[in-house]
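The two complexes that follow have chain A in common; it is paired with chain B in the first and with chain C in the second.
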Partner chain A sequence: MSEPGKTKFGRCFIALGNGLLNFFQTVGEMSQLLAATILWCRAVFKNLDKVLPQMGKIGADTLPIASLTAVFVGFVLALQTGVALKEFGQEESIGAVVSLSMARELGPVLTAILVIGRIGAAITAEIATMSVSEEIDALKTLGINPVRYLVMPRFLACLTMLPVLVIYVNLVGMIGGAAVSKANFGVPFMVYIENVEEWLTFEDIAKGLVKAAVFGVIISIVSCHRGLATVGGPGEVGLATTNSVVFSFVSVYIFNYFVTRLWLE
Partner chain B sequence: MASPAQAKKVGIFFIVGMVILGLITFRVEQVGRFFKKRDEYKAYFQGSKGLKRGSKVSLSGVNVGEVRNVSVEEGKILVTMAIDKGIPIREGSFAIIVPDFLFGKSYVDINLVPPDRPRLPLGSVIDSVDVPGFSDMLVRFDEAMSSIETLTETLESARVILARLENGEGAMGRLFTDEEIFDELKEAVTNANDIMGKMSRGEGTIGKLLEDDKLFEDLKETVSNANIIVAKMSKGEGTMGKLITDETLFTDLKGAVENANIILGRMVRGEGTLGKLVRDEDLYEDLQNMMANLTETVNGFRAIMPQGAFTSVIYSSF
Partner chain C sequence: MVGIGLDAKETLNGTAIEVRQLHRWFRGNHVLRGLDLKIREGTATAIVGSSGAGKSVLLKHMIGLTKPDSGSIFVFGEELTGKTGMALEAIQRRFAMVFQGSALLNSLTVGQNVGLGLTEERRLSRKQVDDIVREKLALVGLEGKESQLPGELSGGMKKRVGIARALAMDPDIILFDEPTTGLDPVMAERIDTLMADLKNKLRKTTVIVTHDMDSAFKTSDHIAMIYEGKIIEQGSPEEFWRSTNPTIEQFISRFKRHGTEEGL
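Up next is the complex of A and B:
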């Protein structure tokens, strides 16, 4: 009787099992990291010098690219829905469609994707480089906890700045929608605003902001964990960055569904 | 410490973000309404149709308030509405829930009525009309489609029947196409008219039945006589009356029937002469033979009768 690892099916089975075990291990490590990070949040005021630069990077520095993305998303959203709504003589509803879509879904998800690409990847690359160059070990030797020093500032920055960024993205997206509504469908700016005011509620905005905060937690923890878990040489840094981005994307999509589902109850 | 420039950048970013959020919230939630005085009205509906606390209330499309509460009361949905003070809700107004299919945000709309109508007192119940929701409309559409299908089938059947009529198939078809049948029918109608005319003129038996009062009088008299007979019978007069009222006659009759039964029973069992006549085959044959002999004797007697008569005449003359 041949050994399981020598047949094709056996090798697949072993690979699947290893992958599953690795996944469970990763999720467990991330949960531990999240718990440790929340515990270290008590030291936030002593580490403001590390938190504020991260907030600047994630918030203000991301704003231009986020705004550019948001305005074009607003354009496209207004254009696509406007054509369909015009068929029914409902062009003035573009404001409602754009604002609700931005506030409930597109604002948080688009911003999360942007932050994953721009900040999450950078976080993983930075921490992974420190790991492979044994800087993390050096920190531990110096008695500096890497979670307090590296993870907690990024965690707090993502948690607070992502929702603020979403506020800007929502506003810019709605302005983009208003511009296209006026230019392409002749909807007056005031009619657009009145329609937004009529249909958009604070509840819609708040749900989007809570989503953004959840995404911020996911991005920071996944990015930091992949960086800290990197071992080997510089080649591993690139791999860790790719893994981090993919893992963050998938996690954001999955959590987006469950958070939305939770609110629909 | 972070550089002051970085701190300022983050601070400005954060504060501006919060200001935007505040402004948007102020606009979309119309925060000013919290400071407005409002009157409360109620309305009962069959279903809430997605209406919830905070849903808007409009007066012929103009936003005038919001839904304060949605609850179940007396088997109906009670909607409590807060309407801006000074907005007149008058008698004759009715509220409807306008379902929103696109965004899922239903609202209450109250119709405007002429200003000469009296105002509803505060807290009173506004009449309501339940407009069908999307699912109701789908059900009704389905029912309408079924009716249309039935109608189509009926029309198809009618078309087939008309085609058969056109082709002169069946009795009706022949009636439509065959001139001869038409003429016969016309003649039948003419005859019927003649008969009816005669009847109306009192001609014939049926005519007399219709026109002659004497027949009615006769009938009336017959009924009167029948009444008299029945009255006599009920008084016990006559045989029939006695049969009804007299117990003795009934007892006698019962005894006679019982005796007859005994006699018939004996006859069936073959007892007595009559019983033997009924049951005994030999006696029957003897009787038959006797009858045959008797017939033969009579016939012989008839044959010799003229000769005897002649001889008697001869002998008597001498």
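Up next is the complex of A and C:
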């Protein structure tokens, strides 16, 4: 029998195995980082000088693009559903469709995508740069725990700011939907609002916010971990950032699918 | 090799750091190959060797920033290897390190960088930290540069900020990774004097990695040379100067041609 490394199939098999091992090792390390980060959250009040600026940064960096995205998604949702509903003379139900889509799925997922692109990538690039220029080592020699100093503030900022952003995105999306309903289908604002009130439950909103908070956890931990795990020269920073963004996207999509399925059962 | 004088000295000074049979690989690259080294308390030890010999890697093992594949490191008699978390941090608190690439936090000002360890420790008031920052910056010739950002400084200035940051923590042991590389001769001289003062006046233990033989001869009581992952020769500067080991002779020949023995 030939050695597994010698045949084409064998090499593929080994590569696949290594890839899987790497993946599970990464997930394991991320879980450890999450646990350490949660433990450090006890020191949140002593570290507000680092947590609050991170929260501010997330807000400032994502609000413009979040507003733009939300209002156009609201427009398009209302437009598409409006055309379909008009065939049955049901234009007044546009509010229900727009608000439920936003609150349950589009609000949390779109916000997560924005935050991954705008904040997650920046976190990885910043921390990876610090890793390759020995700044993380320098922190340790100064008696500063990098998880406390770097990860915990970003974790808490993402955890709290994602739900806040989602509330905002939902609201702006519904306003966009209302505008199109009125302009294109002649639905008065009061009719739209009453329809939203009739269909949208507190549970829909709350579930969306819980999703958003978990997305915040995923994005912050993945981004920080990819940054801290970067070794080598400055050339590795770009690679780490791309890697981190892809990893965050995949994790968010998978989590979103399974939690949605669970809640629908 | 090791002279007779050393045994007498050893009774005067305890061992600050002891490295035993240290092995370290990076993938296929066997960088440290069973390295042994003792650093005595209150002395200045220079570690020399060509670039890529593993000097920086050795320093990082001493301070516990990276773990050996095998072998052990003792700091003031306590084993560092295998320690994690609080226990490791307690030992690390006795150290400070000046990084080869200075490793300043780019998002913080010079003053915040120098005071970072103290600020985060939260033992001293803001005013006390500011005073220490001012004092340490003056020591390295950077008075009044507190509010500048690292990006606005030259490489040599950054290096001196790194030295000020290490001094601010008032550690027992200071590891210098190429502190004078890239400095102009006047500033290099000043840093050499500063390092000598740390040992002579403040009784600190210093370990100085350098390939500047001039600096090594001037600032240290003990010189050790890394070659092929081991300490191939060590001793006092005089012993080192007179060494007949061909590798050492080759290494210091360039310096010998320029300097004179009286210059020691």
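Just so it is clear, the second predicted complex is superposed on the first by the 260 of 265 C-alpha atoms of A that agree within 3 Å, B and C clash if a C-alpha of one lies under 4 Å from a C-alpha of the other, contacts with A are read in each partner's own complex, and residues count from 1 in each chain.
To be clear about the criterion, a residue touches a chain if its C-beta (ideal position, glycine included) is under 8 Å from a C-beta of that chain, and two chains touch if they have at least 3 such contacts.
All of these numbers come straight from a predicted model, not from anything done at the bench.
Once the two complexes are laid over each other on the shared chain, residue contacts for A:Asn22 go to neither chain B nor chain C. In the overlay built on the shared chain, the residue A:Ile144 is in contact with chain C alone; chain B does not reach it.
In the superposition on chain A, contact is made by A:Glu135 with chain C only, not with chain B. Of the two partner chains, chain B is the only one that A:Ile205 touches; chain C does not reach it.
Of the two partner chains, neither chain B nor chain C is touched by A:Thr260. Applying the stated contact rule after C-alpha superposition, one finds that A:Leu171 touches chain B and leaves chain C untouched. Within the superposed three-chain model, A:Leu48 lies in touch with chain B and out of touch with chain C [touch as defined at top]. Between chain B and chain C, B contacts the larger number of chain A residues. Across the complex, chain C meets chain A through its residues 60, 63, 65, 89, 92-93, 95-97, 99-101, 103-106, 116-117, 120-122, 165-166, 169. Per the touch definition, chain B reaches chain A in the complex via residues 1-2, 6-7, 9-10, 12-14, 17-18, 20-21, 24-25, 27-30, 54, 56, 63, 102-103, 105.
On chain A, the positions that touch chain C within their shared complex are 46, 129-130, 133-135, 137-145, 149. Note for the complex: chain A touches chain B at residues 48-53, 55-56, 59-60, 63, 93, 96-97, 100, 160-161, 164-165, 167-168, 170-171, 193, 196-202, 205, 209.
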